[in-house]
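In structure tokens below, several structures.
In the two complexes below, chain A is the common chain; its partner is chain B in one and chain C in the other.
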Partner chain A sequence: MMAWVFGSLLFWAAAWALNVRLSRLSAPWVRFFVPALFGMTVIIVWEGMVRGFGVNPVLLPAPSAIAATFVGEIPTLWGDLVQTFFKGALSGYVIGCTAGVLTAIAVDRSPFLQRGLLPVGNFVAALPIVGMAPILVMWFGFGWQSKAAVVVVMVFFPMLVNAVEGLRASETMQRDLMHTYAATPGQGLRKLRLPAAMPFIFNGLKICTTLALIGAIVAEFFGSPIKGMGFRISTEVGRLALDMVWAEIVVAAIVGSAFYGAVALAERVITFWHPSQRG
Partner chain B sequence: MKSVLAILTVVVALVGFWYAACVPMNIHEAAMQAQRAGEEVTPAEAPERRHMGRISLALKNTGLWSTVFSQERPQLPAPHQVAQEFWKTTWGMIERGRAFSKRSLILHGWITLSATLLGFAFGTALGIVLAVSIVHSRAMDMSVMPWIIASQTVPILAIAPMIVVVLAALSVDDIVAKGVISMYLSFFPVVVGMVKGLRSPDAMQMDQMKTWNATRAETLWKLRLPSSTPYLFASLKVGVAASLIGAVVAELSLSSNGGLGARLLAGSYYGQTVQIWSALFAAAALAAVLVWAIGVAQKVTLKRMGFAQ
Partner chain C sequence: MNNETIPQVDPPKAVVEARGLDLTFQTKDSPIQALKDVSLTIEQGDFVSFIGPSGCGKTTFLRCIAALEQPTGGNLTVNGMTPDEARRSRAYGYVFQAAGLYPWRTIAKNIKLPLEIMGYSRADQDERVKKVLQLVDLEGFGGKFPWQLSGGMQQRASIARALAFDADILLMDEPFGALDEIVRDHLNEQLLKLWERTNKTIAFVTHSIPEAVYLSTRIVVMSPRPGRITDVIESPLPKERPLDIRDTPEFLEVAHRVREGLRAGHAYDD
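Showing the complex of A and B:
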């Protein structure tokens, strides 16, 4: 059994030595290979330690056990994903972000309201809003609607703050130019200020991807139908079936990264002109 | 001064909206109680009312509007009800000399705060150490940094119940279990901010250190760490808010020993909406005080260090 421990430690040492050496190179493939090797090392050391020391699977299941559960339980995991992500998080995300941007546009003509909304929005964005979950579950029931409502409340203020700041991002010179073109306020908004706000809006959209998933999962801890990632996590923890919990976490990690990646991709396409996208 | 007025306007508008929302939210319950008391309600029968929308029912029973702000278990408590409950469970408890009784928000706030601060302190320390090693080792930078950035997109809070249960099985103290989650949440913003901060000295300044024949340790102490301070404070603000959220969510799974999260959960089990809202406001107040305290420390420190504000 000790062979597992020593073997994994040996692999760690070898991989680290290789990484130290590789990191001095500047070939493009190194940028992907080094982190990939590091991730693999973590998994191998984890597996080796769990097997070598015979760690109780109730405390920490081995990666191989998690992978086996993941493959074996794909239908359940998919059902949970649809319930939590596509129904709860995504619909809440769309509603909340749209509402945030529309509110920002609505107060756009009033600098007075903007000056009031920015500090309040910033303050609310720092609060533990996820605590609203029990109230919203009480109002909207156990279904996905209450999860979407939690997500709406969570993403609204970060989105509003970013959109308001974005709409102020165009320079005086540019606005003067629109004025000399005799552009109406609507035209100024569409052709100058909304495009100029896009980097800020996408910043908000990216922050909100993580918030949306967290909101939907945590809201399920307060009550849900018998599916959903948060429901599965809290019940399987109660049954001490940690391999299933880890499988859900893997799903959450994949979905979270994919969601973020999709928004980042959209940003690349839409704000192609921005310096940060032209590297 | 002008922005104070603007902020006040927005806050007053929000409170006004809240009061207005109480009418349709609580009208069904109000109608039920009025009917029991023998008053006239339109429509008179409960089954008919059940299928009516909140707003149309509210419009047909304008006489009931005065009762929606003082119900025992409202769907949406009015702001003054929440304020009363908040006052009763904080200052009222102090006045009666029971500041740390089970019903006092001060006790629950303290339980949450201590876990938050413990986790925040360890998370910050760990984050700074990791950032220093990332800046000094190219291998660390290339292998760890992409994972740290990727892990920001993962809903980390989801694993809170599992960490709590595993640590409980190892018979660790509750406060440590909550602290671990707080630490985990505050750690990422600190690493990301500090790596940026430690790299913020420009090439000219680094060259200057080189001409003085400074060692790497001296460069770290005398140039890199001082110039990273503004970045550190910015991430501390994010980190402390995240750490509080971590402690509150951890208390959902560790509710036996109290804490604001436990109050939220208990309130949602027993339909005590006023209690939920006052716990929520306590958490909000705690977050505001923590962020404000770091803001003050930031102002004082940066001023004494000579950063232009």
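Showing the complex of A and C:
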């Protein structure tokens, strides 16, 4: 049994020594290999400790057990993913972020809305999600629509604030220039204000990716059909099937990172001109 | 010089006409009088420089012509219209202190910006971009982004942008202020050639006496608190001006008069 503990510690020491050496190199693959090796070490030490000390799988299942559950339950996990992420989180994200940007444009055009709407948005943002979620589930039913509604509530305000800030980001001189061209407000928006706002809008979009996933998962705790990542986590905890809970967490981590990465990639392409992206 | 023998068919047309112009900014502490009783006529084809210390209202006057500021008193017409009507009829191009190019657009696309807004056709846009890039000596840089060019090249691109559409007035607010001496000389020379070729009316704000004297047909000396015109100097220099004209006695005499005007108008009370 102790062989697992010592073996994993030995691997840790070896990997550490290797990483120290590798980090001195400047080859491009090192940038990916060093963190990969670190992640592998965490998993192997985890596995070794759980096996070596015989940790109760309810407290902490071994990575191998989680992997086995993951592979064995792929159809279930996929169904949960579609339900929670593609239906709930993604549609709520698109609706909430679009609404945030459109509202920001309206707020930007009208001082009346700026004074009236921003405080209300602030107020809504201050509402606790665990309080709002059951109410929205009551209103919109157990299906993914109520999860999308929770996500909309969560992402709307951060998106609004960032977009309002962004629409103010163009310089006075650039706006004066549009004025000397006798540009219409619409032209000013399309050709100056929106492009100048893009770095801020993407900031909001990136923050909202994680909010959307959290919102959709948490909302399922308050009622959902018999699928969905949040539903699965809450029921499998009840059945002490922690390996399944961990498998869902792995899915959430992968999808969340991929979602964030996709938005960050779009940012690189669209705001290539911004000093932070020129590299 | 046989210019005098050519009969003048049309009397020179007043492009900008200011009569007793006043402008007072309301600030939190106290009202600031930026312009006081400014009267000036700029004629078709003039190259007028405005020179004076900070706060003398030279930029403010230029912004009034561009309808970026509203005078609080007096009368100002541009091409016989109010400044705002002139702005709507796209009567002028404005070059700011900084290039102000949009970083998400290439140089060519930046120059196209006013053309897109004013609804020029695609083919016309391309042709004009090509022409003005040639005028400011930036051929081959149309595909570059502003941040890939030097400050001098960016400023030239911003001038090209102001030249791309058919405005016969060019308003320039210290366009070369942030550039080093060598680049500045070069751009001054190019600007004069450009003015000759295009026959535009140019109003040019500057801090630099040699620049004002080298470029202008008329030099307007202004002084601060309140901003007003203290002297208007007609330049005796010929239209053809190589850079070394700056070492001639005539040039130095004009420069001297400008300096005297600046000194007289500047109260050293602070």
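The definition used in the following text is that the second predicted complex is superposed on the first by the 259 of 279 C-alpha atoms of A that agree within 3 Å, B and C clash if a C-alpha of one lies under 4 Å from a C-alpha of the other, contacts with A are read in each partner's own complex, and residues count from 1 in each chain.
Definition applied: a residue touches a chain if its C-beta (ideal position, glycine included) is under 8 Å from a C-beta of that chain, and two chains touch if they have at least 3 such contacts.
Remember, it's a predicted structure, so these values are computed and weren't measured experimentally.
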- Query: Taking the superposition as given, does A:169 touch the first partner, chain B, the second, chain C, both, or neither?
  - Reply: neither
- Item | In the superposition, chain B vs chain C on chain A residues touched | B
- Message: Under the stated touch criterion, which partner chain does A:183 make contact with: chain B (first), chain C (second), both, or neither?
- Response: second
- Query: Thinking of the overlay built on chain A, is A:131 touched by chain B (first), by chain C (second), by both, or by neither?
  - Reply: first
- Is A:218 contacted by the first partner chain B, the second partner chain C, both or neither? first
- Query: Regarding the shared-chain residue A:278, is it in contact with chain B (first), chain C (second), both, or neither?
  - Reply: second
- Message: One more residue to check, A:195. First (chain B), second (chain C), both or neither?
- Response: second
- Query: Of the partners chain B and chain C, which touch A:65 in the superposed model: first, second, both, neither?
  - Reply: neither
- Task: For A:233, select first, second, both or neither according to whether it touches chain B, chain C, the two together, or no partner.
- Result: first
- Please write out, lowest number first, the residues of chain A touched by both chain B and chain C across the two complexes. none
- Message: List the residues on chain B that touch chain A in their complex, please.
- Response: 2-3, 5-11, 14, 25, 75, 137-139, 141-147, 150, 152-159, 161-162, 165-166, 169-170, 237, 241, 244-245, 248-249, 252-253, 260-261, 264-265, 267-268, 271, 273, 276-277, 279-280, 283-284, 287-288, 291
- State the interface residues of chain A toward chain B in the complex, per the touch definition above. 16, 19-20, 22-24, 30-31, 34-35, 37-39, 58-60, 112-117, 119-120, 123, 126-128, 130-132, 134-135, 137-139, 209-210, 213-214, 217-218, 221-223, 229-230, 233-234, 237, 240, 242, 245-246, 248-249, 252-253, 256-257, 259-261
- Note which residues of chain A are touching chain C in the complex, please. 171, 173-174, 176-183, 187, 191-192, 195-196, 198, 271-275, 278
- chain A partner contacts - residues on chain C that touch it in the complex: 66-68, 87-90, 92-94, 96-98, 100, 102-104, 113-114, 116-118, 145, 147
